[in-house]
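Below you'll find the structures, each written out as structure tokens.
Same chain, two partners: subunit A is paired with subunit B first, then with subunit C.
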Partner chain A sequence: MQKTRKLLSMLLAIALLCSLFIVPASAETVELPRNETLYFAGIQWGSVNGWNPLSDDMNNGMAITQNAGGSRSIMFETLYMYNMLDGSLTPLLADGDYVWNDARTEITVKIKPAAKWSDGTAITAEDVAYTFATSVKIGNARGNSYKPFIETVEAVDDSTVLIKAKLNDEGAAVNPLQMITYLEEAYVFQKAWVEAVEARSGDDPAAVKRDLGEDVVWSGPYTKYYADDQKVVFVRDDAYWGQDASMWGTLPVPKYIVHTIYADNPAGETALKAGEVDVCQQFIANIQDLWLKDGLPISTYMDEAPWGICVNMPTAYYNLDKPVLQNAALRKAIALAVDYDAIIQNAMTGQSPSFADVPRSLMNPTAGEQATFDHEAVKDLQWAGDDAASAIAMLDAAGIVDTDGDGWRDIDGEKISLNACCPNGWTDWMAAMEIVAAAGEKIGIEITTEFPEWSVYQTVVTAATQDQYDIFMMWTDSAAPTQPWGRVRQLMSSEFVGVEGNWSGNWGHFSNARADEIIAAIPSETDEAALKALYTEAVQIYLTEVPSFSLMYRPNMFHAVNESVWTNFPDASDGRNIPPAICVDGYGIAALYELELVNP
Partner chain B sequence: MKNTIRQVFHSPKFVVGFCIFMAILLTMLVYPFINPGDPLKMIGLGTFAEPGTYVSMYDSVGAPFSTFKIPDADVKRLDKLLTQEDRAKMREWLELAQVDVSELDVGDMDSLLAMWKQHYDPEIRIPGMIKAVRNYYIRLNNSILSASVSDTLKVTDTDEATGETIEKTKISKTDYVNVDDVANVISLPLGTDNFGRDTLKQLVAACGVSISIGLIAGAVATALGLLLGLLAGYLGGWVDDFIMFFTNIFTVIPSFVLLILINYSINQDQRGAGTVALVIGLTSWVWTTRSVRSQVISLRNRDHVNLSRLSGHSLPRIILTDILPYIASYVMMAFILQVSSGILAEAQLSLLGLGPKTTEVPTLGLMMNWAMLYSAHLNGSWWAYFPVILVIALISFSLNLMNTGLDQVFNPTLRE
Partner chain C sequence: MKGYRKYFGKKLFWFGITFIAALLLNFTLPRLMPGDPVSMIVSKQAQGLTEASAVKAIYDNYAKEFGTSKPMIEQFFTYVGNLFKGDMGTSFSQYPRKVADIIGSAVGWTLGLQLPAIIMGWLLGNILGALAAYVRKGFDKVLMPMTLFFSSVPAFGMAVTLLVIFSITLKVTPVAGGYGYDMIPNFSWNFINSVLQHYQLPFWSIVIISIGGQAIGMRSMSIYELNADYVKYARFLGIKDRKIVGYVFRNAMLPQVTGLALSLGTMVGGALVAEIIFSYPGLGTTMYQGIKMMDYPLISGTTLIITVMVLVATFVLDIVYGFIDPRVKAAQFE
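Coming up: the complex of A and B.
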């Protein structure tokens, strides 16, 4: 008995010891050489669901992100690569520039002869055509958003694609700008693979979108290597077609791309500081302190404020479903009183130009967009903020006064009490909402902040109508070929009013007949002067009606790099014209081909 | 009564705790008179200004000055501009740019600067130099170029009518301004927080709010616990069973989880400091009920209570005059602990983003919440959170000390 016990305990001890060795051994399989690996942060939150790019909910940020400001093309590729610095389109799968027909209703695109799928077969016009047809058929995000603008995508021959526009009543393209955006936003998938998915899903659109796509065929320079709830790893495909002289002429430098999955922003920031992350797409408060105070080898695209190219305009929307907010004087007064400098300096820690530098309009601060409207004509309507005196005068003139002496202003005898909302944990937005609330106090309007969880917030904000949030924040479109038209539409078009699951824009449900006419007229207007007049009028309507007001300018992507291991990241002063798109988006991917090791 | 108080104040532990608590209360009452104004006013643009005294540059230009000839003023000025490390780095750059530095003495500032200005060019790309380092040199060069070279600095203004440049004044290296002569000097002993608000002023205000949250929560919890405990203990029977049934249910539900759930279900715009205090109070009465009940049960059959009952005294009278005085000391101690845990509960809730709505009053927990959201703990802005932690610690430490002190006086088994 004693012996058996001893033996058993010995065995147990040995088993325990063995288990100690087994655990690190399994983790070792993804131990990667540091100087062949580029680490990312701020793109992938939570573990990856799957690899099917036809689906919209794979939660696979590194591999599948199609974006009008430049799609992420390490695994799947687009026809062209967008460069937000100059708005140019560089051919990727396409061969040479796209060609319009004379009526501007059809685009012809050639496919590069060298372009190949990962299984070695050539990429053909048939693949491009089938991708669009399938997207429309199964109704995924790309299919739904381009269906109103593109009639068909056809394969003329193996290497020639013809994209036909949806035509309006006059026989012109509904929106030629959206067709160009399609070229740089939409991935191309292999027809054979898509057909295989359809076959195993029994042609059920929902099943196609549910497919995990483990066998997906790709065309980009990297492919999936390993993924769990800790990290997602991509490995370079050394047979990548792009090493052909007609494209890059070489392979991208890092052999592995890794995105460690962090719990939250501070975790990613700590890893960036420690040199465990090379490229970080996160808002980091007071980022300049990382190099000025801490002396870390971290930098951003520009070495001075705002440290990035701000193309997005996070905006506070007024909920116009609420009767009290249908009063334009009240809307403008609150917007006048807000201290935007405080938002920019305190909430954004200076990572945005001020509204004195770039007066408010519907356009982002880039030179191209600023040139689209007449600055003099809207000058009197613009405001720089922190102007409680004017706001009070405006409210008094509109008869919005404190009638019962409780210190708060009333409309129809009822105290105006508003809430200001944004998702919990979105630090810079939360601080901005606090500053909006503080402005309310200065002008006698009670505004309290509320920070619901994002899961709740998004369902309320995208609902057809809602009465829960009065002032709430959402983003706007960034740079893209359709801008600034897209943003005008996003901020003012009544086509989004009453739409259930509205992710497109106008979340405050504003409608203005003249604004709608302008939005319809701009895409087909080719006369420069007329176009400028239209944009100017749109800005005038926006600044008079104030259906929403932008609180700051913001980069589409934050782009902080740590040069402990890799260097030669794109820089505003290096003359290479590579945008700060975290080395993987649109033409930003060109950076991957030029990275160098600090210690080769 | 007098005797009891004298006894209490003979306990060193109680006295120390009492002094700390009073000191905090006194600061809370006095400081707003020294530094009046809204504690939530955002005075600074930019986040986390460091603690210190800030002198208005604008006002100091026109202020009366005295002349001092301090021998090492120039050295200090240069040291502030270029640290020893910067100088070594400059030499390093010159070496990398293949400038002959064999003759160069880094201690000799003039020759170093001369050589630097002669050779440095931001356009030169040194192979293998990373961007962060290149940027460092560009910044260093800019600060060297912008540093004043002449002995006097001219302050000019532009005439709005003519557009002419008018010389306003000259500032010499030997001019010194008495801080008292500058119109605007702000003293920020604890710097500013992420909204540019005076941290010390906010801390003092927050302290008051948090203590009142603690007091409300403590009062609610103790009153509820006492009432239920007295009834259950004295009446016994089905009343006891009924009350203890609920008390036991609440005992097994972790009160903090309950607190989180209740706060989560109250909309943020309804969640004032008073509401949060009430909720904390309503979730922390159970242990008071249990102990009061057990003490009352032991008191219930004492002779004086029986006598009182035989004399036909009413229930409230028996409870108030024959039972309550015997457990008053215990209730007092429980109350002190409840206050302390109420303050801690508010801090914990606010840290989770479930505290009082943020625009009205500062609380200790909200201060820490914002400091954490803006990564004060990562970027070294200790003044935004450490004093808050210290104050919370001091408050609960003093309350706990008072409690132990009282315990030693009132608890016969601990009496020395």
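Coming up: the complex of A and C.
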């Protein structure tokens, strides 16, 4: 008995000791001063894989995210910073505005003389050219994505970059709009570092992408400091070139940027409420309750509903591979009957403008996109929803009636029975699909909901053809320099029909020759009136044919901030023109230079 | 001695067979899930890419890197071949990290959390169960319903309840993580203190539930043993109560030892709930992420660890059983 007790107590002691030996290697600073640290949630899920920005898969959201809506530039930088509020591009590594040649086939960009790498060497045009050439050569996501419309990026001299467009048969640029995206989306890497990676990888593209990039050279205001399974910490580079008067004139305010890795959204939300997170990029249901009811020092970009700037339009697609759904009257009738206000109230808890506030089109609610088409010309085609009477009249007129008296409408003597699908666990989308199904019942069309796992869902939806989902949800593009053209293309272009592994758009496989012509014409069109006419016609086709219908408007990034430690976050009414881009994306990073402490 | 050798030889043989079967299942089952892991990875990178050709290039690149387009039998032999070299493969979802590296960084947290919690729960449960059987009266009347209640609370329910009470309402324990959100791991009292604070809720959420189950089992076994003939006989002989309790405890312990060994073996799976709810690092979270992302090598790696742990625990149990219960040894040597 005595022996057993001894053995057990020893075991217990060993076990407790074990828990202390799990401590990873130490860093210099061991406690991050709260008033020098800005905490994030909702960007980094799972631990960081590495620091090589040439790779597509470092799972390093805070450091490496190249996005047309504004690339994340705390560690790596782009030539320009995109601002979704006015569509402007502010020079970052670039010096002054970019210049098109007369034929709009080449863009010239100057590099700022003050721009330096973290090792103190100057950033040159050669770095820009080599980054592009390497991305294309190793076939990473960016290289593959720019290749179809950029022929070369050349260094004319140390400070002059020449970006040459890929030309079509007429000698015009294939897509001038997407060339602008390159300017604000693509990071620039140091040629010497890229060459070092290539050398140690034996010039094998796969090995270059596998490299963890621990020795990466950066140009941004922060660099890696510590990372494990629970957090990633960045520290300010006090030698950052951007403190030069030609750029920001100062350093960003927080010394450390930390992203704790939470298991899921509720954990991040709890931490935001507890003041352990300053900037939260997560959807929080009824966010206004946090300050109106709970009295927490939390706010969003706008003081009133919808609380944020909505630039994305989660959309229900009709599967046009199905013969029954090739009937446009049926498609429009279902879309007419859906109660969008209920979706916005239930699924988005009011964090979206209604379709009465911003009538549906192919454009998001921002003033810039709304100005691209003629509202009067499409007025009669728009609908705000929850209109079962019109839907029933439309179905009756189209001869889609209940022929066998079972209460459900038929086409060619067969009952119309559809499913409405979205990934399981995506609760806002699931709520929206339930409301779509309820609309079916109101007009005599059987719609049942199905919620497969995302792993299955995405395989079906991106397939070249599919017969499993009839009405299903996907997202649309957000704000970017290519918009609203990119979204018109995403919702209607037939180039995506029949493509295996299609992540680009038109998941319902809609085809319309005139729509394709418009999509091809817009990028090269420079005449404002002609452009407006093209966009208006595109909206008319979309609202007449109804290949899909948006269910709500939604921000690209949620932007909730807790002001218990830091304040002076950007706000829609402060006149600073800093977008709600979580203080790190595109021109949103300007916020980091203007933050203030609540208790200095 | 010869008997021992034959006994162990036979055992080892059967464990070997079980291991090979488990290996086959570990490899095959994840791959039978519907869906395509490469397209899961591509989906993360392709959002925002507007060129279909670019997406296809990414897809082909990963399919080649992961070897998922090869026949499954070929993949299996590559997997087993690599295992012999100590290589569990490269993770899909955390590419290019090695599965062994991911498991290595998580396993310490799981052992640190689970091992003490299981042992503590087991010890307390058995002591309380034995006491309840022996003392009876009021103690048993209070303890029994309580242990019944706690043992039937699902693990996630217990974890969420503790989180809501202690972290959110009373604010006496941290909300999430393995150490302070404002710390970087180091050897200092502050850090150790932070680890211990973060340790409390996940630890007790496991202990409380296991106390319940263990106490119920121990109580029933002890009551059964207390009424056994040998106890009556010992009492009749005038042997002291203390001594009798010793006999009873030793006999009642046998099934409990099996329970302990099995919970040690399956601790990785058991860690899942506590780890996820408290955003606590460890193998459970790793496995969960692997499953969500259809990361075959990572799922196979974590399930392999579970398989090995269960096999080792059962093997050790078989040996220990022989020592603590001569009847078992005798039966096995026959």
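Heads up, the rule we're going with is that the second predicted complex is superposed on the first by the 569 of 600 C-alpha atoms of A that agree within 3 Å, B and C clash if a C-alpha of one lies under 4 Å from a C-alpha of the other, contacts with A are read in each partner's own complex, and residues count from 1 in each chain.
Convention: a residue touches a chain if its C-beta (ideal position, glycine included) is under 8 Å from a C-beta of that chain, and two chains touch if they have at least 3 such contacts.
All of these numbers come straight from a predicted model, not from anything done at the bench.
Once the two complexes are overlaid on the shared chain, A:Ser145 sits against subunit C while remaining clear of subunit B. In the superposed model, A:Ser299 makes contact with subunit B only, not with subunit C. With both structures placed on the common chain, the touch criterion links A:Ala285 to subunit B but leaves subunit C unconnected. Looking at the shared chain after the overlay, A:Leu32 reaches subunit C, while subunit B stays out of its contact range.
Of the two partner chains placed around the shared chain by superposition, subunit C is the only one that A:Arg210 touches, whereas subunit B remains out of contact. By the touch criterion defined above, A:Met84 reaches neither subunit B nor subunit C. Looking at the shared chain after the overlay, A:Gln458 reaches subunit C, while subunit B stays out of its contact range.
In the superposition on chain A, contact is made by A:Ile435 with subunit B only, not with subunit C. Residue by residue along subunit A, subunit B and subunit C are tallied for touches, and C comes out ahead. In the superposed model, A:Arg489 makes contact with subunit C only, not with subunit B.
In the superposition on chain A, subunit A positions 270 are in contact with subunit B in one complex as well as with subunit C in the other.
Contacts from subunit A toward subunit C in the complex involve residues 1, 8, 11-12, 15-16, 18-27, 29-32, 34, 37, 39, 46-47, 49-50, 55-57, 59, 67-69, 139, 141, 144-145, 147-148, 178, 206, 209-210, 212, 226, 228-231, 233, 258, 260-264, 267, 270-271, 274, 276, 453-456, 458-459, 462, 475, 477, 482, 486, 489-490, 495-496, 499-505. Those residues of subunit A lying in contact with subunit B across their complex are 265-266, 269-270, 273, 284-286, 289, 291-294, 296-299, 303, 339, 341-342, 345-346, 349-350, 419, 424-425, 427, 430-431, 434-435, 437-438, 441, 447-452, 561, 563, 567-569, 571, 598. Within the complex, the subunit C residues that touch subunit A are 33-37, 39-59, 61, 64-65, 93-97, 105-106, 108-109, 111-113, 115-116, 119-120, 123, 167-168, 171, 175-188, 190-192, 195, 199, 246, 275-277, 279, 281, 285, 289, 292-294. Residues 40, 42, 44-48, 128, 130-133, 135-136, 138-139, 194-196, 267-269, 353, 357-360, 370, 373-375, 378-380 of subunit B are the ones that touch subunit A when the two sit in their complex.
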